[in-house]
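After this come two complexes, each holding subunit A, first together with subunit B and then together with subunit C.
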Partner chain A sequence: MSINSAAFLLFLTVSVIVYYAVPKKARWLILLAASAFFYLSYSPRAALCLLFTAASVYLGALAQGALRKRERERSETPADKKRWQRRRRALLLLVLLLNFSMLAVFKYLSGWIARISEPLLPRPLILLMPLGISFYIFQALGYLIDCYRGRVAPERNFFKFLLFVSYFPQLVQGPINRFEKLHGQLIQGNDFNADNIRNGVWLMLWGMLKKILIADTLVTPVTDVFDNFNECGGAVILLAVVMYCIQLYCDFSGGVDLVRGASGLFGVEMEVNFCRPYFARSIDEFWRRWHMSLGEWMKNYLFYPLALSKPLNRVAKRLRRGGGRSGRLFVPCVSTFIVFVVIGIWQGPGLANIAYGLWNGALMSGAMIMEPAFAKFREKIGRADGSFAMRVFRTLRTFMLVVIGRYFSRASSLSQSFGMMRRTLFSFTAGAHPFVLGAGSWAVVAVSAGVLFTVSLMQERGVKMRERISRAHPAFQALLLILAMALVFGYFTAGFSTAAYVYENI
Partner chain B sequence: MSSKKWLIMLPLCALAALLLVGAFNVAVDPFGVFGDRIFNWYGYNETNNPRVAKLEWLEKNGDNYDSYVIGSSSAASYNTEELNEYFDASFYNLFVYGCDTGDYRDFAKYLIENHTVKNLVLNLGVNETNTYDAEDDPLKGSMHAKADGKSLPLFYLKYAFLSTRQSLDKLSSKMKDTDLPQRFDVFEPLSGCYDKRVRDVEKIGDAEAYQSEHESDFNYAAPAEQMPYIDKCVSVVSDIKKMCEQNGINLTVICSPVYIGQWRTCDESKMREYKTKLAGVCDYWDFSLTPISYDSRYFYDSTHFRNDVGSMVLARIFENENISCPDRFGRLVTEKDCKSYLDSLYRDPPQPELSDYTTDLPVLLYHHISDETGNDAVISAASFERQMRCLFENGYTAVTISDIEGFVLHGGALPEKPVLITFDDGYLSNYESAFPILQKYGLSGTIFAIGSSVGHTEYKDTDIGIIPHFDYEQAREMEKSGVIEIQSHTYDMHQNADYEKGDTVRINAAPLLDESEKDYAKAFRADAEKYNAEAQRELGHSFSALSFPGGSYTEQTQVEAKKAGFTVTFSIETDRRNTLVRGLKQSLYALCRYNMTNDVSNDRLLEILQNQPT
Partner chain C sequence: MDRLEKIMTQLFPGVDFNDGRALIDDGVLTSLDIVMLVGELNDAFSVSITVDDLVPENFNSLSAINELIVRLGG
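After this line comes the complex of A and B, so read on.
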């Protein structure tokens, strides 16, 4: 069942009604049952992978708790303590390794396995990526690391923990929730609150419209250019990459809006994942506004451990002895760089994805190194620094840097990325284009993108859209609701198939 | 508004939104399920889902028909007008794409229960044994509930609440619609056939050229399993036969022509099983493997034979001698002789020689004959005579339009070394110089005269002098001699831009820039009708051949020319061989011609006559 379908809307409606109909204590069980139904309807085999992650992390976390207890009770000397810590660490690494290996097998080795198995088996073994595998693995492992660090107490009830891992709104493409924020909301049994329904429904509609009106319509022209870039003029390629940025944002944030809205119907608030990233004025800010839950995760579970790691700090110490800024910058720069390379690798196999990571890592570290020069420049232009023109310039510049990154992340190979860049730079003509989209579809995209931009601008200025709508005339609210729902229903009925979410198979 | 009130409003708005979607879909009706009152565009609806829209068409217009063709898209090529003549009935071609014999039974049952049925033609290809009750696309491939007996309310609900994208597609297609068929509008609603006007005028050239132009169309990929549904298919035929017997309906079963590429993928034992079991149920006409199977030009692609072949099939069944069919082209198979028929088919396949049914035809093009040579459209009388003598001495026989028509359409023969000599424009010099020279060497020629300049020495409606043109009396004299045939170069679609007064100038018969298909069709038809009427009056015959002025034409020009009754047309292209193929009308379209000048030596002429493309 795709979350962009009438079937999902029906499933969700029934789940919400049943959720509030049962006694509070049993409500979490409804969520668990709904999640099981949702995931099994996708693929029972993929559910095994999820079960494996849930079970291994559940046991790992319990063991962390038990070892920690023993560490407290039985260590008498610092050496004892260290021994216990080593054990906990070894156990943590084992569970991390198990889960990341599973992820790696599906993500990077499935093509290889299919090739190897082809001559050996009657049918090649094709491993299909289980839905949302990297999202639930990240979420579960975050919890495990928190347990290791003693930040949260392990959940003892396996089914309650299973709900945390398998909660269906987050399964398709995140966001990656933190245990301490989400778990309680899932378990406690939330009271019915009409506000939650209203907010949830609006958010869902908004997300669905972004996805079906903009993202899905842009799939064809973007694909046409990326697949035939050799025949396109540079300007057309640039336009396609910009369109891809819009498509990806509407696809990813639309999907997340939809599931956050759906989750809100149960009174469960999930992590915010996007905050109008294309309004960012620096790459650093962009990454704090784009896929925020992944950024958080990377910060907590990769950046800090790296920044605090002994080897890096040892080098930094040595550099600091030489004086200058290099000692101070070394650790954050290298850690940031590594984080972005990992994000690149996480996007998928292939050099283009690594290049995407390198590009962002280089930009971020470069910005840190260049900061004194930037500061000087700001000082020089004085008051003009905060001017509207400067703000627009920074936003556009940041957007262009993001666009350049997308040459890597969307292309199927590094040579394609460079080929497209070459054409953009050296044959910048409008020339031939392979667009076959009808005028009507372009109009739909243009109007929808216009609405999206206006709403985003208002939100940037602090307008709370849903509050504002709720204050509007009831007739206006009804009309808006009918229009939005008619658009959604018009798409979600027979004869429509939505494009899969870009981040669904990641 | 409070959240509670909003919550009450939510289901009401949802309902309103649903109704809005439903109303929109019902109004636009992209599948023609609700009567399509606004657009009445069944060509589109049927392209979306022929099973549903054709049945709806019959619900509305069923009284106009009393006989039906049932089959898959390989039954598309039976022309209903021909069927009407042969059967003395009014046919509707109820074929659907996406072969499924289960649907044939449903259709037969539906027709018998709901309409008058005198004749049923059931067409079977090979694919009928490859699929049965296949997983259908729920919108585009599904059967109408009135025929398969599923829930009618659910059926209508499905089409009311389909994605608005389907309706929007219909609206945007409407804006792009033209007279000629397009991807979204491939049916002729009245007959139920495909609108093949464009593919029926495409150039087919020699076999190799055709094959290379359509390579991907002829890469037939055989299904993984060989003919798994033979029994299902035969039982459907048996059911339909019973229904027909019970209701006094005349049933004709045809196994349609199969392209050799597809035939060769079929296992012999399976094919024998299929044909034998079928013969056990009913007699049938078998056209599966015939001489035409071996030539891709008789097919649109590897699973669809051409409309011309459909005409041949019907001509064979109804013994119409007027249409050319090869030997061993189809026969009625009965249970008794099925085995011996199949034995002979496999022992001695009917593979023809190319020369049995095709011939190359060089065509020469002349204009004015004069010693005052000025341009490529002028040749001296001496050069003309030299070239004619060369033809004569080398054993070439000049043929006429009716000779080549006879070869392609009616099974007539052509001499061993045929050549067609043509003259454009209708100059007096043709009468004064060419006519006697042709006569002298026992040759013949065809003159394409411009109607508006016959008998003129001045440009029409002006006093501007032009090269003199012969008049009708001279034309009659030439025709009477049997040496010259007069044909059309259009009445007035070869205008001179410098001399015309009006805004619209047609220097040739191709559509004007920005001219709508409709306007162009009207203009072309008017010109042809006017000229034909005049020819009938002055020459006692109308025209069957047209030379495109300036050699310019488009797909639509050829479509309109065909519609106006021209069976042979000429271009001035020289990029391919003229290959006439028996039975294929389009091998007579846009024939290439070589422009002859003083410079063409005898050697060059002989080279041209070998019909080598240059």
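After this line comes the complex of A and C, so read on.
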């Protein structure tokens, strides 16, 4: 069941009605049943992977709690304490390894398994990527690490924990929620609140319109250029990559708006995942606005442990003794680089994804290393530094750096990435193969992107759009609602179906 | 506390640490800044700040950072 379908809207409506109809104590069971129905309707086999993650992390967390208790009660000397800590760490690593291995098998070994099994079995063994596997594994393992660190107490009821892992709005493409923020909201049984329903519906409609009107309209022409880049001129390639940036943002953030809105109908607020990333004025800021829940996860569970690891800090300490900035910058630069390479590898197999990670790691580290030069430049231009023109320049510069990164992340191979870059730089013509988008579709994209840009600009200036709409004249609210609903339902009743979300199978 | 303030001013020139903003929650310092700061604090006060200490409450203000250092024996 796609979340951008009439069937999902029907399923969601029934779930919301039943949720508020049953007693508060039983409401979490409705969420669990709805999540089970949603995932099983997608694939019963894929549900086994989800169950494996939930069960292994549940048991791992309980064991962490038990070992921590023994550590407190039975450690008489520092050596005893260390022994218990070693046991806890070994157990943590085992559960991490089991789950990341499962992810790696689906992500990187499925093609290889199909090839190996072809001559051995009547039919080749094809492993389909389970829906949202990365997201629920990251979320569950984040909880496990928090239990290991003693930041959260392990949940003792397996079904309550299963709901945290399998809560259906987050299953398609996140966001990656934190246990301490989400779990209580799922379990407590929320009261009906008309504001939650109104806000949820607006957010869902907004997300659906971003996906339907912009992202899906751009899929075909962008794919066409990437598939036939050898026949395209550099100008067309650049246009396609810029359009891909817009498509990806509307696809991913639209999908997340939709599921956050759906979750809001139950009174459950999920993590924010985007904060108008294309308004960022530096690449560092871009990554704090794009896929924010993954960024938080990477920061807490990979970047900080790396940055505080003994081997890196031993080298940094030696460098700091020599004075200068190298000692100060060594740890953040190396850790950032590693984190971005991991993000690149997570995006999928292939060198282009690693190049994407290296590109972003180099930009982030480069910015840290070059900071004194940037500071001098800012001092030199004085008051002009804060001017509107400089702000626009920085925003456009950051956007162009993101565009260059997309040559890597969207291409199917590194040679394609470089081939497309070569044509953009050295053959900047219209070429024989145009960017095929009809006049009507151009108009739809232009008007929708114009509305999106205006709304984003207002939000950047602190306007809370849904509050502003709720204060508007009732006739205006009704008109806006009818227009948005007519577009969405008109789309479904006309028999269209949406393209799969880009991050759905990652 | 003076020593801490000196380190902070050297590392982050131009940042006013007493303007009432929470250093982490209000986005004054990023995770990259925190990592740089931790290295300096470990050296200067002979402490060992671990991942478990990296929570906003410990880094939101100069006094919170100072308390953390004192707690760790610095």
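Basically, the second predicted complex is superposed on the first by the 502 of 506 C-alpha atoms of A that agree within 3 Å, B and C clash if a C-alpha of one lies under 4 Å from a C-alpha of the other, contacts with A are read in each partner's own complex, and residues count from 1 in each chain.
Definition applied: a residue touches a chain if its C-beta (ideal position, glycine included) is under 8 Å from a C-beta of that chain, and two chains touch if they have at least 3 such contacts.
All values derive from a computational prediction rather than experimental measurement.
In the superposition on chain A, A:A389 makes contact with neither subunit B nor subunit C. By the touch criterion defined above, A:V331 lies against subunit C but remains apart from subunit B after alignment on the C-alpha atoms of chain A.
Looking at the shared chain after the overlay, A:D195 reaches subunit B, while subunit C stays out of its contact range. Of the two partner chains placed by superposition, A:A90 touches none, neither subunit B nor subunit C. After overlaying the two complexes on the shared chain, residue contacts for A:F492 are found with subunit B alone; subunit C is out of touch.
Of the two partner chains placed around the shared chain by superposition, neither subunit B nor subunit C is touched by A:A79.
In the overlay built on the shared chain, the residue A:G150 is in contact with subunit C alone; subunit B does not reach it.
In the superposition on chain A, A:L120 makes contact with neither subunit B nor subunit C. In the superposition on chain A, A:M368 makes contact with subunit C only, while subunit B stays out of contact range.
On subunit A, the surface touched by subunit B in one complex and the surface touched by subunit C in the other have no residue in common.
Every residue of subunit C that touches subunit A in the complex is listed here, in rising order: 11, 30-32, 35-36, 38-40, 42-43, 49-52, 54. Within the complex formed with subunit B, the residues of subunit A that make contact are 193-195, 197-198, 201, 438-440, 470, 474, 477-478, 481-486, 488-496. Within the complex formed with subunit A, the residues of subunit B that make contact are 1-7, 9-10, 12-14, 16-18, 20-21, 24, 138-140, 158, 161-166, 168, 171-172. Subunit A meets subunit C in the complex at residues 149-150, 284, 288, 299, 303-305, 307-308, 313, 316-317, 320, 327-329, 331-332, 335-336, 364, 368.
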